[in-house]
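Please go over the structures that come below.
Each of the next two complexes has chain A plus one other chain: chain B in the first, chain C in the second.
Take a look at the complex of A and B:
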C-alpha cells in the first residue's frame, strides 16, 4: 500500500509539471497583458505602455519568461498578484475557506441524499418509486444552476424571508450567520450532483444485485439490510466513490456561476476575474491549486477503494 | 343639539379631524428629525480595482472615495464648481495666477493638518497620473504663501474651468498628504493603508470581492456654509457605511427586498415599475443624463476618412437606440447637444448635422468617400449589457446604409488595449458626463485613448484654449456652441442619446437634500430612520 502511495505521489511531479507548463503557455498566448488592464483609462502613449511592458518582462519570448518563472514555481514562490498587490498564495488562501465550506458541505449533502435514494431506486427497480426517482433526477440534471440560484433567492429569501440572499460571513461572525449564507448556494450547487450520484448509485446497485452471490445470499436467508448494505453496496462502491471523488474535486475548484450569483468570494470567482484581467500570477497559482487538489482527491479515492472492497489491493 | 361637547366626544372628534386636515397642514409639521448613528448597507455593483482615485475615471471610485476624499473644489447642486477645501479662490485679471486660500484646522485621517504643501503635492501627482490632468499642461510653477495659501502660476491664461476640472468627481483632484503623494508617484500604487483623505468617512477595511467598510471620521471639520450637494456643510448622520460587492443585478435587488441592503446601485430601468410597486422601496432616477457616444479611430483605417464618419453620423438613429436601451421612457432621451439636458451649456448648434437616421445622406457621403465595403469593427465590452445593445442596434443601422459593420465583443482588458491600437480600432462606444465644454479637452486633444487614434483638430484646439482662458459664462456659452458645431462637423464623436441611471433605496433611508438623485453617490445629509 505504501509503495503504491509513494509511486502515485511521485507520478504527481510530471503531471503537475506538464499541466502548469501548458497553463503558463496558454496564459501568455492570450491577447493582452496585465499592463493594459492596469493602465485603464489613463491617456498613456503606446511608448509608455511598451516601456512598462518591457520593465515587467512581458515583451520577452514566452520561452525566456518560462525559464525565469519555472525555478520560482519549483521553489514554491507563486509571485505577487499585479492587482491585489499581495502574494498569490495569500490571495488564494483567503478564498480557500469559502470554497472549502461550499465544497465539503455540498458533498456531505450530496452523499447523504443521493446514495440512499439511489439504493432505494435500485432495490425497487421498475416500481413507482424507481420511476419517480428517475423522473426527478432527470429534471434536476436539466435545470441550469444559475436559474436555480435565482429561483432559490426569490423563493427562500425574498418571498419567504427564511434565508439571506447573498454574501459570505466568516465563522468569526458566528456559526448561524456563516451557515445561513451557505444553505442556498449549497442547494443550488448540489442538486445536479445529487441527481448524477443517484443515477450512478442506482445503476451500480442494479448491476451488483443481479450477481449470483446476491441470489445465493437471499437463498441463504440473509436479511435484506445485510444483503444490500453489507454485500451489494460494498461492491457497488467503486463506481460510486469515483463519481464522489469527481464531484468533490470539481467543488473544490469553485463554481464561478454559484459564487457570482450569491456574491461569494471563492476561488472560482478569483480565477475567472484574474483571467479577464490577465493577472498571470493568480491564473497560474489558481490552476496549480486546482491541479494539485484534483490529484490528491483522486489518490484518496483510489486508496479508499481497498477499504470498502478488500479484493482491491495495491501491492 | 347640545352646544357644549363633553370631553369624550371632543377627544373622538379630534381623532377624526386631525388626520382629515393633515393634508392641508404644512408637510414639515410631520417631518422627522434626523437620527444619528447606524450602518448604511449598500449593495454595490463593482469592486475597487486599486486605491488610487487620482489615476482613474472608473467606478466605483466616485461612490466610495467621494466620501473619503475632498478636493479644492467640488460639484454644487447645479454642477458648477464650488469651494470645498479652499476657503477662498482668486485669480489675477490675466488669469495666469490662481490663489487658493485653504481652510484651516482641516485634518487628514492620520491626524495631520492639511496645508499648502499637501495640496501642491496632490496637484502635481494628479497632473501626471490623472486622465484629466492634462488640463494643467500650462502650469509653470507653484508658490506657497505660508501654510494655508497656494498659488498656481500658468504660462497662459487659465479660466474658471480649472475649478471644475479639480472638482469633477469623474477624476477628482483629491488632496492627500504630501508624504503619500510623493511616496507613490506612479498610478495605482497607493496601498490600502495609505488611503488618507480629509473626508467625513475613512476607509476601515476592504475585503476584495466582499465588502468595503467606511467609518465616520470623528475629527472631520465641516464647512460653515449651507449644504450644497458635494460641498457646503456636510452633515453626517451615519456612523458606518458598508459597500457589499454584489455584481448580479438580481441578487442586489433581492438583497434590498429582504432588507439586507438599504440602498443598491446601477439597477436597470426595466425594474422601475416593479420596484415602485413594492411598498417600502423607492427607485431614484439618477442624473445628469449620461451621453451614449461613439468614438473613432481618427488616424487610421476607414474611419479616419471624414466622409465615412459623416456617413456613420447620418445613418445613426438615436431614437431607435434609446428605444433599444431603455424600457422605461423616462430613463432615456434624445437630445441634439453634446451637453446633457441638465447642463447650462445644452444648445442646438449644429443641429442640422445631428443624427436622424438619414440613410440617403449616409449613402451620399459613402460615395464621396469612395467607400469600398471595408469592414468596420464596432468593439464593445462583452459584459456591459447596455453598450452591447447600443452597438447591436448601431450595426443594423449602418448596414442599412451599406456599411459593412461588425460588432466585436471583447473582455474589458482586451477592449482597453484595442481601443488604443491604431492598427485595430475602428469604432468603440461608451458613456460619459460632460457638463462643461472644457471637460471634453482631455479626451479630444489627440492623446486619448492614445496618440495613434485620438481626435485632433486645430480649430477645436483654439476653442479649448479660449474656454480655458474665458471667465465669463456668456462667452463660454458661445464657445461651447462653437465646440458643438465643430464636433458635429468634424464628427469627433457621434451623439446617440442620453440615459439615466437608477439607484433604489428602502424607505428607511432619508435624503432630505435630494443628493441621491444627483449623480455619483453622495451621502451628505442622508440618515437612517430605524
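Take a look at the complex of A and C:
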C-alpha cells in the first residue's frame, strides 16, 4: 500500500512539470504583458513602459525566463501578483475558504441526494419511478448551469425574496449570513452533478444486481436491504466513487460561471480575471493549485477503492 | 452500417431525433420563420414582453428575441459543428499515433493528461484572452479543450485492437504500418468515436454559451445563445424572458444530443453502459 502511494506521488512530478510548462507557454503567448494591463487607459509614455518591462524582465527571451522561473515554481515560490501587490500564495489562500465551502457543501448535497435516488431507480428498474428518474436526470444534465443560476435568482430572490441574490459573507459574521449566501450557488452547482451521479449509480447498480451472487444471496433468504447495501452497493462503489472524485475535483477548481453569477470571490473568478489582466503569477499559481488538487483527489479516490472493496489491492 | 435499422428500434435515439429535427429545421430555415432581422434596432419596442408579434418578446434595443434566438442557433450550431469536426480529425490523428507508436504515446498522452487536469473553462478563457473574441478563436479554444478526450478514446481502442490476432496476420502477409492503421485498426474505432461525437457536440454548445456568457465568446451584435443570456442578466428583474428563451433552446438542443448519444451507445456498444463520460458535458 505505502509503496503504491509513494510510486503514485513520484508520478506526480512529471505531470506537474508538464502542466506548469504548458501554463508558462500559454501565459507568455498572451499578447501584451502585465505592465500594459496595469497602465490601462492612463497616459504613460512608451519609454516609461519599456523601462518597467525591462526592469521586470519581461523583455528577455522566453526560454531564459522559463529557466529562471521553473526552479522557483517547483520549489513552491509562486512570486508576487502585479495587481494585488501581495504574494500569490496569500491571494490564493484568501480565496480558498469560499471555494472550499462551496465545493464541500455541494459535494455533500450531491452524494446525499444522488446515491439513494440512483439505488432506488436501479432496484425498481423499468417501473414508472425509474423512468421518471431517467427522464428528469436526462433533461437536468443538459441545462446550462448559468441559466439555472439565473432562474434561481428570479425565483428565490426576486419573486419570493427568501435569499440574497449575490455576495459572500465570511463564516465569522455568523452561520446564518454565511449559509444564506451559499444556498443558491450550491443548488446551481449541485443539480447537474446530482443528475450525473444518479445516472452513474443507477447504471452500475443495475449491472451489479444482475450478477449471480445476488441471485444466490436472494435464494438463501437474505433481506432485500442487506442484499442492496451490503452486497450490491459495495461492488458498485468503484464507478460511483470515480465520479464522486471527478465532481469533487471539479468543485475544488471553483466554478468560474457560478462564482460570476453570484459574485463570489472564489478561485475560479480569481484565475479568470487574472487571465484577462495578464497577471502571470496568479495564473501560474492558480493553475498549479488546480493540478495539485486534481492529482491528490484522484490519488485519494484510488486508495479509497481498496477501503470499500477489499478485493482491490495495491502491490 | 446497421445504425439505421437498430436506430429505428432504439427509444432514446428516436426521442433525441424527434427533439432535434425541428430545431435543425428552424435553424436552417430561419428566414422563413421570422420576418425580423436579429440585429435591427427598434428603440420604441424595447423590452416588450412576449406577444403575438414578438413571440419571445424584445430585448433592450427592441430587437425581436425570437429571431435573435433562431439566428443565434445558427451561430451556436455552426461553432459547435466546426469545433466537433476539427476535434475529431485531430483526435483521431493524435490518438492513433499515440496508440500505435509507443514513442509518440509518451509525448501525446502526457500533454493530454496535463490539459485534462485543468478544470472547466479555464483553458478556454486563456485562449480567448490571448487571441481575442472571434468565431474562429472559440472553435480553436474548444479544439484545445476537447481533443485530449477524443485522443484518449481513440488511443484506448487502437491499443485494444492492435493486440488482436488479425493484426498479426496482416503483419505476416506484409501489410505496411500505415495500411494496418488505416484499413484494419481505425475502422474499428468508429463506434466509440460516433458516441463521443454526439456528446462532444452537446458539450460544445454548452461551452460556447458559457464563454459567450462570460463575454469571451461570440462577439456582439451577432446573436448566440450564450450572449443573449448574458445580455439578459441586467434585466433579470424587469425582462426575464430575454434569458429564459435562449436557455430553453440550449436545454432542448443538449437534451436531444445527449439522448441520441445514449441511444447510439446502446446500439453500437452494448457493453458500454457506464455513463461516467457524461461528466464532460457538465461544464464548470
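Observations, loosely collected:
Note that the second predicted complex is superposed on the first by the 314 of 315 C-alpha atoms of A that agree within 3 Å, B and C clash if a C-alpha of one lies under 4 Å from a C-alpha of the other, contacts with A are read in each partner's own complex, and residues count from 1 in each chain.
The rule we apply is simple: contacts are C-beta pairs under 8 Å (C-beta built on N, C-alpha and C of every residue); 3 or more make two chains touch, one makes a residue touch a chain.
Everything numeric in this text was worked out from a predicted model, so none of it was measured.
With both structures placed on the common chain, the touch criterion links A:222 to neither chain B nor chain C. Contacts of A:272 after superposition on the shared chain: chain C is touched, whereas chain B is not.
In the superposition on chain A, A:303 contacts neither chain B nor chain C. In the superposition on chain A, A:84 makes contact with chain B only, while chain C stays out of contact range.
When both complexes are overlaid on chain A, the residue A:255 reaches chain C alone and has no touch with chain B. After overlaying the two complexes on the shared chain, residue contacts for A:49 are found with chain B alone; chain C is out of touch.
Comparing chain B with chain C, more residues of chain A are touched by C. By the touch criterion stated above, A:294 is placed in contact with chain C alone, chain B being left untouched. When the shared chain is aligned, chain B and chain C each come close enough to touch A:158.
Once the two complexes are laid over each other on the shared chain, residue contacts for A:150 go to chain B and to chain C alike.
In the three-chain superposition model, chain A touches both chain B and chain C at residues 31, 150, 153-154, 158, 260-261, 276, 278.
Within the complex, the chain A residues that touch chain C are 14-15, 18-19, 22, 26-27, 29-31, 138-139, 141-147, 150-151, 153-154, 158, 192-193, 196, 199-200, 203-204, 206-207, 239, 242-243, 246-247, 249-250, 252-258, 260-261, 268, 271-272, 275-276, 278, 283, 287, 290-291, 294-295. Looking at the complex, you find that chain C touches chain A at residues 110-111, 113-115, 117-122, 125-126, 129-130, 202, 206, 209-210, 213-214, 229, 232-233, 236-237, 240, 243-244, 247, 250-251, 254-255, 257-259, 262, 273-276, 278-279, 281-284.
Here chain A touches chain B in the complex through residues 31-32, 36-46, 49, 83-85, 150, 153-154, 157-158, 161, 164-168, 260-263, 265, 269-270, 273, 276-278, going by the rule given at the top. Remark: chain B residues 49-50, 55-58, 129-131, 134, 187-188, 191, 207-210, 244-248, 250-251, 254-255, 257-258, 260, 411-414, 416-417, 420, 422, 442-443, 447-452 touch chain A in the complex.
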